[in-house]
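Note that the chains are named A, B, C and D in the order they appear, and that numbering of residues resets to 1 at the start of each chain.
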Amino acid sequence: MSEETTSSEDDITAIETPVYLTYNFTAGEATTRFLHQVRKGKVMGQRCPGCGNVYAPARGSCAACGLPTSEEVELGNKATVQSFTIVWIPIPNNPIQPPYIVANLVPDGANISFIHLMSECDNDSVHIGQRVEAVWKPEEEWDYAMDNIRYFRPLDEPDVPIEMIGKVPLSGWEGKA
Amino acid sequence: MSDLLRQQFVLGYTYTRSTGPVVGRFLTELRQRKIVGTRGDDGRVFVPPMEFDPVTASALDEFVEVSDRGEVVSWCWISEPRDSHPFDEPFAWALVLLDGADVPMVHAVAAPEAEMHTGMRVQARWSEEPRGYITDIACFEPEVTQGEG
Amino acid sequence: MKDIAIVSFAQSDCRRDAGACNEVELIMPVIEQAMQAVGLNNSQDVDFTCSGSCDYQQGAAFAFVMGVDALGAVPPIKESHVEMDAAWALYESMLKISMGQAESALIYGFGKSSPGELPTVLSQQLDPYYLAPLWVDSVSLAALQARVLLDRGLLSEQDMAAVVARSRANAKANNPHAQLAGDVSVEELLAESPWVAPLRKHDCCPISDGASAMVICTIEKARAWGKPYAVIRGIDHRMESHNIGARDLTRSVSTELAAAQAGVDRGPVEVAELYAPFSHQEIILSQALGLDDSTEINPSGGVLAGNLMMASGLSRIGEVATRIMSGDVRRGVAHATSGPCLQHNLVAVLEAA
Amino acid sequence: MQYAAVTGIGQTQYKARRGDVSIAGLVHEAAQNALDDAGLGWDAIEAVIIGKAPDMFEGVIMPEVYLADALGCSGKPMLRVHTAGSVGGSTALVAASHVQSGTFRRVLTVTFEKQSESNAMWALSNPQPFSPHLNAGAGGYFAPIMREYMRRSGAPWDTGIKVAVKDRLHGSRNPLNHLQMPEITMQEVEESPMLWDPIRFLESCPSSDGACAMVIADEGLAKEGPKAPVWIRGGAMRSEPTMYAGRDEVNPQAGRDCAADVYAQAGIDDPRKQLDCAEVYVPFSWYEPMWLENLGFAEEGEGWKLTMDGATSLDEGGDIPWNCSGGVLCSNPIGASGMIRFAEAARQVRGDAGAHQVVGARTALGHAYGGGAQFYAMWVVSVDK
């Protein structure tokens, strides 16, 4: 059918299709509230009216009970390592250089972990139950973002026993239950 | 309730789509300013070529070259083009039945609104450098017959 | 499929922009309302839960996963999800009950369309080689369909405006959740200039945020619960070709097939709730369902009064069920659609117990 | 409940990139293979049930609408399931329910993913505004959970390496697989780059293009097929939230409950003894010992012993071979991966699994999970009704 002789390598076998859609993203009510506090240097959780557990960052509900949460609870600057991974590949759009630690951290006063970076530590000595504290950016750089906390660094405190992880109160952990 | 946090963001990727033999053949022909369709099991010619018959689901592989001219069988007028649309100026989307095809295709028509009508004859306006995309047909425009302007 | 009872239905207001609410915050109130109507607490009190939603609506992958946070799914529940309107989540739930693996189910659909430009988003639902790269939006495709009907004299612009006027009036009279309601005459509507000609803006459904939820169960269980219920006597859905050029756009063949299978003509249709996002499609659908003047069409105003995309189909069924449960009517038909120019259609026949 | 059986199985070749087909072509290929296997034409199918993972992988919204023609859906019901990574399994179960409910006599079910169209991993970690989470991909999410498993169980550090080798050796018997590594060694896996400690490159699944399809029919029609029907003896799904206080992420309750449910339906009280083999969704090596415990093949803390003893290895003559097909570690078209497990379980009991056949297999488990290990779908299939 074609007048010119075209070799099969010249045939179209693939096309580049840009699919870019613009959205006006809205943080949910609970997330908005949480980020406004983070903007002021505070990490807040929400307590479930059913089971009493404290969620952080709160999403406005207790997923276990399916109940809305509204009671705000201030959380500590200290946290416990629930688990972690040493990541050897870069995160897109993030300047951090591998290898770095991504840890599941339970802040004191909360009953659930969130994910954050750990630094100022020897990667090989990071361990489950380890105590850490938040290192914040300078106040003038604070925004509505969890990375106002630059990372968490180890504390010189005794480890939290496994069964106590996720149950450390706001008053902290001094090696005594 | 604290002030709402809103932020615009773009969700997107540039997908690499492998075409397979039928779509690939169509796009390859487009690059040479030719339009082909496939013949369905009931003899209908589909343009752009369907890979699978819409009734029997069997793979279609008989290609038929059709004209780059045809007739508008339906149209709508875009008085306020969206950002994603191919033109900034008002234009029409149309179902265009190409000569030699039995099934109309959707594409844009660039013509004044007053000239748009069902049954109007149109011809493909090819993009300057066809690259093997549906947009190699930049749009359709009113047909110019020999002797005319 | 067994006869199944609808025992409760709840829907949120249709709002142009639900702003602050995330998925959970949208879903939780309607689920709570639907459950409490039958004295249930959360998903633990039903045997199966199924939802419908679409990630691209709000531009977040796995939007439905967040939905699970609203359910109280601890201990774990039997749960599924369709990337479709929740009317199809109802269909999946009915199969589950019919096969005997569940006696009751919670169904919900949710959509937050406000963050994106919905007609443009839906252009990326089309053939990814031939149509999506043109960014033909959903309104334009519907306008092409309307023109075919107008050209062939199968309907007039007056007919389309009459559909809109009735929708607004019905919404004002009957639907506290409507986004668009009011008294407007055909003349006033026709005086408006075309938007995507031949469609005027009012021929197109508005874009809404919100959610709806429903509880269904076996007839035996509905009797045991002792609440009023509506019976789904027949349900069916059918697909058509994606190639709109290859379809007869003046008809909805898939709706005709589904209607026959669901048994629409086995009795009088007192009320019909049709998912017609564009005014001319209500006329196509009425004909496909064989409805005449004896049927009240879209007493809620239909989706021209508010379109909770991904929940609107379920809401149509809920609207008919609500009218049956209240004793206003004894038999009605509900319809849901998906895809460009009514490509995929579901029909349900509901009757009083 | 009506009896239902698998009467046709079709798969595509799995590859990093199926550059020779469109999305429709890929899906049609699997479906056509399933119909051929069942000795049927398209008109024999009453309904089509399709599944895939997030639409963002291919950037086609609700693609069932576009795929209707490739799957012969004109005038038929078509349903699209999406339950994250477990979708391949749940789609099969939803398809089965079309028959088990007595509503249809014979249906086609298809799942697919064409991951080469995008880069699946980053599609999942698309940065949303105000997202409080740091996202390092699926591996970054699951690695801490595996680390906690290692701590709890005291499993030897190289358990994961053993699984990675075992599944690749199994997989080299299966010509459909994306990864073909017949010469793989423990040392090669150990020396492969660490990605998310403890997950090495060769302990992770690949990203594949592919599709899988099955024909499911009622009792009467099943017996008419050219091949022995594979009876669905049980099917179950369970979901739990991604995060809640006190959630056991290592041994999720949703997985345990789902297994208990499917075993009860199939009359199984000792899965290791009563099942002949299992196809289990193991996208990262450490999930084999974790799921051995979660699915009741081993006591809690002892799953790794089965792995290390060779109990799950076809090559070592294990008593309960897992993933004889090579599993997700050899081919991973995400939306189809669960259905491939279900279909491979069916191939085993039908006795036509080729070089990876477990001799005399009569009853097998197919398993899929997804999300944050929170969505589960499982079935037990058997040559016996």
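Here, contacts are C-beta pairs under 8 Å (C-beta built on N, C-alpha and C of every residue); 3 or more make two chains touch, one makes a residue touch a chain.
Everything numeric in this text was worked out from a predicted model, so none of it was measured.
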| item | value |
| --- | --- |
| Pair joined by more contacting C-beta pairs (C-D or A-B) | C-D |
| Chain located farthest away, centre of chain C as origin (C-alpha) | A |
| Cα-centroid distance, chain C relative to chain D, in whole angstrom | 33 |
| Chain A and chain B: spacing of chain centres that average the CA atoms, whole Å | 46 |
| Separation of mean Cα positions, chain D and chain A [Å, integer] | 30 |
| Inter-chain centre distance, chain B versus chain D - centres from mean C-alpha coordinates, in Å | 39 |
| Chain C residues counted as touching two or more neighbouring chains | 19-20, 56, 59, 68-69, 71, 73-74, 117, 120-121, 124, 128-129, 132-133, 241, 243 |
| For chain B, residues that touch 2 or more chains besides their own | 1, 4-5, 7, 9, 11, 13, 15-19, 23, 27, 50, 54, 133 |
| Two or more partner chains touched - positions in chain A | 13-15, 17, 19, 21-27, 29, 31-32, 35, 63-64, 144 |
| List of chain B residues in touch with chain A within their complex | 1-19, 24-25, 27-29, 31-32, 34, 36, 63, 65, 132-133 |
| Chain D-facing residues of chain C, complex | 1-2, 49, 54-56, 59-62, 64-65, 68-69, 71, 73-84, 88, 91-92, 94-96, 98-101, 121-122, 124-129, 132, 236-243, 253-254, 257, 338-340, 343-344 |
| Of chain A, residues touching chain D in the complex | 13-14, 17, 19, 25, 27, 31-32, 34-35, 48, 51, 53-55, 57, 62-64, 82-89, 91-94, 99, 102-104, 111-112, 114-117, 128, 144-147, 166 |
| Chain C-facing residues of chain A, complex | 15, 17, 19, 21-32, 59-61, 63-68 |
| Interface residues, chain B side, partner chain C - complex | 1, 4, 9, 11, 15, 17, 19, 23, 27, 44, 46, 48, 50, 54, 73-80, 82-86, 93-95, 97, 103-108, 113, 118, 133-135 |
